[in-house]
Amino acid sequence: MSIKKDNNWEPRILAFCCNWCTYTGADLAGLNRMKYPENVRVIRVPCSSKVNPQFVLRAFQKGADGVLVCGCHPGDCHYSTGNYFTRRRFMLLQRLLEYNGIDPKRFQAKWISGSEAAKFRDTVAEVSAQIKALGPNNKFVGAHYDNTVMEKEAEGGKD
Amino acid sequence: MARIGVFICHCGTNIASVVDVEKVAQAAKSMPGVAFATDYKYMCSEPGQAMIKQAIEEHHLDRIVIGSCSPRMHELTFRKMLKATNVNPYMLEIANLREQCAWVHTDRAKATEKAINLVRMSVAKVGNNKPLHTSMIPITKKALVIGGGIAGIQAALDIADCGFDVTIVEKEPSIGGHMVMLDKTFPTMDCSACISTPKMVDAGAHPNITLKTYCEVESVSGYIGNFEVTIKEKTKFVNHDLCTGCGLCQTKCPTKVISEFNQGMSKRPAIYIPFAQAVPSKPVIDENACLKLTKDKCGICEKICPLGAINYKDEVRYTKEQFGAIVVATGYELADWKKMYPEYGGGRYEDVITGLQFERLVNASGPTEGHIVRPSDGKEPKDVVIVKCVGSRDPKKGKSYCSRACCMYSAKHAHQILDKIPGSRVYIFYMDVRTPGKGYEEFYDNTRRDGAQYIRGRVSKIYKEDDKLIVKGEDSLLGRPVTVEADMVILATAMEPAPKIEEVVQKLGISMDKDKWIQEAHPKLRPVETQSAGIFLCGTCQGPKDIPDTVAQASAAAAKVAAILCHDEMETSPMISSVDQTKCSGCGFCVPTCPYKAISLVEVPGRDGNRKVTKKVAQVNEGLCQGCGCCNAACRTGCIDLKGFTNDQILKEVDALCL
Amino acid sequence: MEKILNREEGRFLADRIAKEADVKLYECYQCGKCSAGCPMAGSFDLMPRQIVHLMHLGDMDSVMKSKSIWLCASCHTCVERCPHDIDIPTLIEKSRIEAQKRGICAVRNVKLFNDIFTETIRGFGKSQEVILEGAYNVTSGRLLQDMANVPAMLQKEIVRPELNSVKDRDHIRDIMNKCEKGGAMR
Amino acid sequence: MKSYAYFPGCSMDSTAVTYKKSFEYIAEKIGLELKEIPDWSCCGSTAAHTKNEMMALSLAARNIAIAEEKLPGLDIVTPCAACFSRLRYANWAARKDELIRKEIQSVIAMEYQAKPEILNFLDLFSDPEIREKITSSIKHSLKGLKIACYYGCLMSRPREVTGETDPENPMKMDEIISLTGAEPVIWDYKTECCGASHQVDAPEAARELIDRIFRNAKANQADAIVTACPLCNMNLDMREAEINKNFGRKYNIPVFQFTEMIAVAMGASASECGIHQHFFPAFDVINETLKRNREKAEKLPAAPLPEDPLKSGPVIIGKAGK
């Protein structure tokens, strides 16, 4: 876990992007040579509904400063209804995070279609600026979490 | 221990000009599990691929990370390449260093740092990849078309012409649907029967087409390539193998009931061929009307049938058949305006008719031999009102959508009245006139030239005083209430999905929109597909449309079917969900999340301590699963997981990102 | 006078009225079914449909100056048949109350009759046909209106000359005053 | 028999003589007792809601509040469509929005829960028990008398307030009237507005509405119009002669209250039910019907409801062939 203190600190933001809309939109942003901050890392998933709230918790636990979940616009889901589940799940998760003292701005869900390259760029810039203003996520720094428990869970209780 | 090979592509200068690719490759070497790392000008080129293959050999690599362009670009290329090596094609991850790094950043140091991070994430993920294998499923080279209207007929003919067997299931005694009821078709004023009956005959005579009239789909199981369909054949009480369609029975039958085909405006016998050009031209007995079947009297048809084709003891039959693909063409029905609009008389006035009733009235083979007369007294109407949007564009009483065909057929009706009845006047109450089609606006122009009066406003009330129907509307362009004393009123009623569409949709495992029209997979790019692979749609079951659009869609659906049936077998994607049944608690939470109904609960033997028990667990149908992973997040025990995107793999990516 | 749409000041008033009436003005697609079925439309200077449209444009001025808002019989035929369930009677009622607040009234006699009616109630707690008709005829200047029926009324005992009255008149007066003064002009 | 709180309304106490007499006759015969709300006051009528919404709600609510206090647990019936509408509005508004209920409470300075249901006379006479009693006390048949049942707007609309499921074609009165043997006709102006609220202050605009109602009743061969409201009745009855004169019509359609028809059928004399007290001569048509039926000495009653063409299936053009 890294502790960031210097003034040139850049947040580290994780973006889960669905393969059919947002990931395509992000590729299009590249194709159009749009520029946005370097601090966003995309993880490709088939559908935003694949994103388990556990992934988000894990990211915060490991020191990510922000998490974005992006998918197709409601009604346009490649798998017809997946993003409705996403929306409901993450509305709940946001409240849970807030309850745990994580600023809700650190976790956002956005709908970006395959053609909305500019929206992808703007979203990244905007979220990045917001999180930069919030400062590093120190919530779990020094907390005595036994990560191995989750690790084991994640490995499917192989022991 | 994994032996990972990392290959960083320069993409000419596309990546290398912003990212220090050598530094990335260098950094990769120290990542856990990496046995080999290098960079190269063009990884996707022949020499690039050869280099990777060679590295696999030399360094005994068992999984590969390529840092290059987007996986959406070359993932398939590299998978294909791996097929020729010892490495499973799915033991591959691609770090997107071009579209999502080099092209969007300018700061070399930061971009390089990000690239290293991206590669680290891919390395972490690939370490948990498992070999996956595509499977091949054989394809039954036969299609099922549900519905024998113009959409179903056209789709069946096109598929059959490609050389595949087709079965049409039609619930009525004849194919033909609504089109054969119509008199003329806009905007060309072709005789509808003249252009649709030849197609019906073609369908009946085509060596590759089997007609199953008076039949319904009872159940559907299986998946693309191999649907198993049970077809229910309703009781015809006439053996069609013996019957020659001579029609003698029809003429002698003493019972007369309302004719569905003539929209209630004439009668037909209990044993009947619905209309003259029916295909097949063989009768069925209406069991609710037949004296023999209801009261055990009469029996004339049996006595006079020269071939002994009548069988009062007929029973419902079920047959099972395999199909490779299904086309849904269940069509529409007119909404029952009588329930929606008590202010239009709610059906009390005989001279307030629907557009479809008018089609029968004006049709030369209809109940009046084409004479437009009032149903109540047989007089020729002079003043006719046409009311558009009855049930359409009315979210409170009817449907919120526009039924699309009414503007044009109302113009056609106006034209026909003005043409056939000298001195007649036609008033058309409309909200908007919508004519987006080839030759449509011109047709509307001509109708106005014929003398049709278009009045912009919705009708509020229709009632009868003495001999006249009083129609009250507003001329909203004048801002003044207006009244027309009409002899006849034609309502352009809304189209709605065929009755029992819910059952069809449920049996097929496809979905409907809020108005019960069948949902297409994508409104623009996959307009004739449903989201269930192998099931296609065409015609008005998808939404209101006119004949040209219906026929175009039917041929499109046929092409999609042919594209499946032309293969002997098909490859399935291995990146689908699977259940670890030893961990599944059988809670069933995953079942409703699946848009494809691919998950079901099954009973399997299990153990409770020492006792043998059966327990319920989830099971994924591999033919139906499309690999979205929605069920994964719903699973409480984490036992259902998407291959290629397992929870484990993604968590490893997250961890690597946060390092 | 020329109307400049973007300068219409009535927009906020119209929007507030629409909100209170739970009406979404944009839903109206001007089909005219309301006006076609309106029994009073023959005497209206603005069709019900036009009232909705003017409110949507923010031109409350024209709405409040119209006769239609006074002539509406509150029969609710329009909303019953409206494809979008737009509650026109409530829009009209609220517009009329706003017009009264501003001293606007295009049909004097309707207001007059209502005023007399409410005053009768304030006085007696029950309505009094005889006083009502008499007072109205005197103040409106239509002295002979409906007078032809009076002899028949008396003869057929349809109207008795005695007055009905509530015992607790103060209560009624109290309620009415409170509503008028308490700013309860909802 | 179920007991009810009774809100007569101002007109029942003054102009609606025939309504009052005939209802009291029936009530006595069948042993129906209504408990009048003590010191009730005007419901506010049209005038109040034209001026001030809270006044309209409060004036109506005062009566409901008194009923809640003095006649707890009883539903309220009222013979007048306008009173019915205003009282129901008050309850509807108060039930929908707690703030409105509280505001009304503070204005009327009384406890107000909006608990009792508000019923009109048609609801009351649709009570199976009352209907049973009426059926068994019918003596004369009004068979052959064609009736246009006029419901008016306030008992029908808006449906969320009145609870009417079919405001275009209600049937309650038709069902009640058919108990007398009289034959309700199908017509189209059952719930069209008669303009009663503007007959005094805007007669030029409102008279036409009356004309249209008579015209449609005539076109559908009605011998008489029957109402269930003092205002509708007075409005149509009092102005029929004027309409004939000013519009050049020859309507001969008396206007009754539905209770008069029942009272007559139960054997009331003219003075007991008031049928001679109409503006437009109404006695003869009843008298002739009774005479005709007495001569035929027909047994009673059960005239069929108007045949519903919807149930008899679609139209056959066969008729056209004639």
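Letters A, B, C and D mark the chains in the order given here, with residues in each chain numbered from 1 onward.
In this text, a contact is a pair of C-beta atoms (placed from the backbone, for glycine too) under 8 Å apart; a residue touches a chain by one contact, two chains touch by 3 or more.
What you are looking at is a predicted structure, and each value in this text was computed from that prediction instead of being measured.
Chemist: Counting C-beta pairs in contact, does B-D beat C-D or the other way around?
Modeler: C-D
Chemist: Looking at CA centres, what chain is most distant from chain D?
Modeler: Between chain D and every other chain, the largest centroid distance is to A.
Chemist: At what distance in angstrom does the C-alpha mean of chain C lie from that of chain B?
Modeler: So the centre of chain B lies 53 Å away from the centre of chain C.
Chemist: Report the inter-chain centroid distance for chain C and chain D in whole angstrom, where each centroid is the mean of the CA atoms.
Modeler: 24
Chemist: Rounded to the nearest whole Å, what is the centre-to-centre distance of chain A and chain C, using the mean of the C-alpha atoms as each centre?
Modeler: So the centre of chain A lies 58 Å away from the centre of chain C.
Chemist: Give me the residues of chain A that touch two or more other chains.
Modeler: Within chain A, no residue touches at least two other chains.
Chemist: Where in chain B do residues touch at least two different other chains?
Modeler: Residues 343, 461 of chain B each touch two or more of the other chains.
Chemist: Can you list the residues of chain D that touch 2 or more other chains?
Modeler: 168
Chemist: Write out all the pairs of touching chains, ordered by chain label.
Modeler: Listed in label order, the chain pairs in contact are A-B, B-C, B-D, C-D.
Chemist: Sort out for me which residues of chain C touch chain D in the complex.
Modeler: Checking each residue of chain C against chain D gives 39-40, 42-43, 70-71, 73-77, 79-80, 87, 89, 93, 96-97, 100, 107, 109-110, 112-115, 117-118, 121, 125-129, 132-133, 136, 140, 145-146, 148-149, 152-153, 156-160, 164, 166-168, 171-172, 174-176, 178-180, 182, 184-186.
Chemist: Okay, in this complex, where on chain A does chain B touch?
Modeler: Contact set of chain A toward chain B: 1-2, 10, 12, 14, 19, 23-24, 26-27, 29-31, 33-36, 38, 41-47, 49-55, 58-59, 62-64, 78-82, 85, 89, 121, 153-157.
Chemist: Would you mind writing out the residues of chain D in touch with chain B in their complex?
Modeler: Contacts found on chain D: 166, 168-169, 186, 188-189, 215-216, 219-220, 309-310, 313-322.
Chemist: In the complex formed with chain A, which residues of chain B make contact?
Modeler: Answer in residue numbers: 70-72, 96, 98-100, 103-107, 110-111, 113-114, 117-118, 121, 511, 519, 521, 531, 575, 580, 583, 593, 595, 626-630, 632-634, 638, 642, 645, 647-648, 650-651, 653-655, 657-659.
Chemist: Which positions of chain B touch chain D when the two form their complex?
Modeler: Listed in rising order, the residues of chain B that touch chain D are 258, 263-267, 338, 342-343, 345-348, 350, 361, 367-368, 373-378, 461, 463-466.
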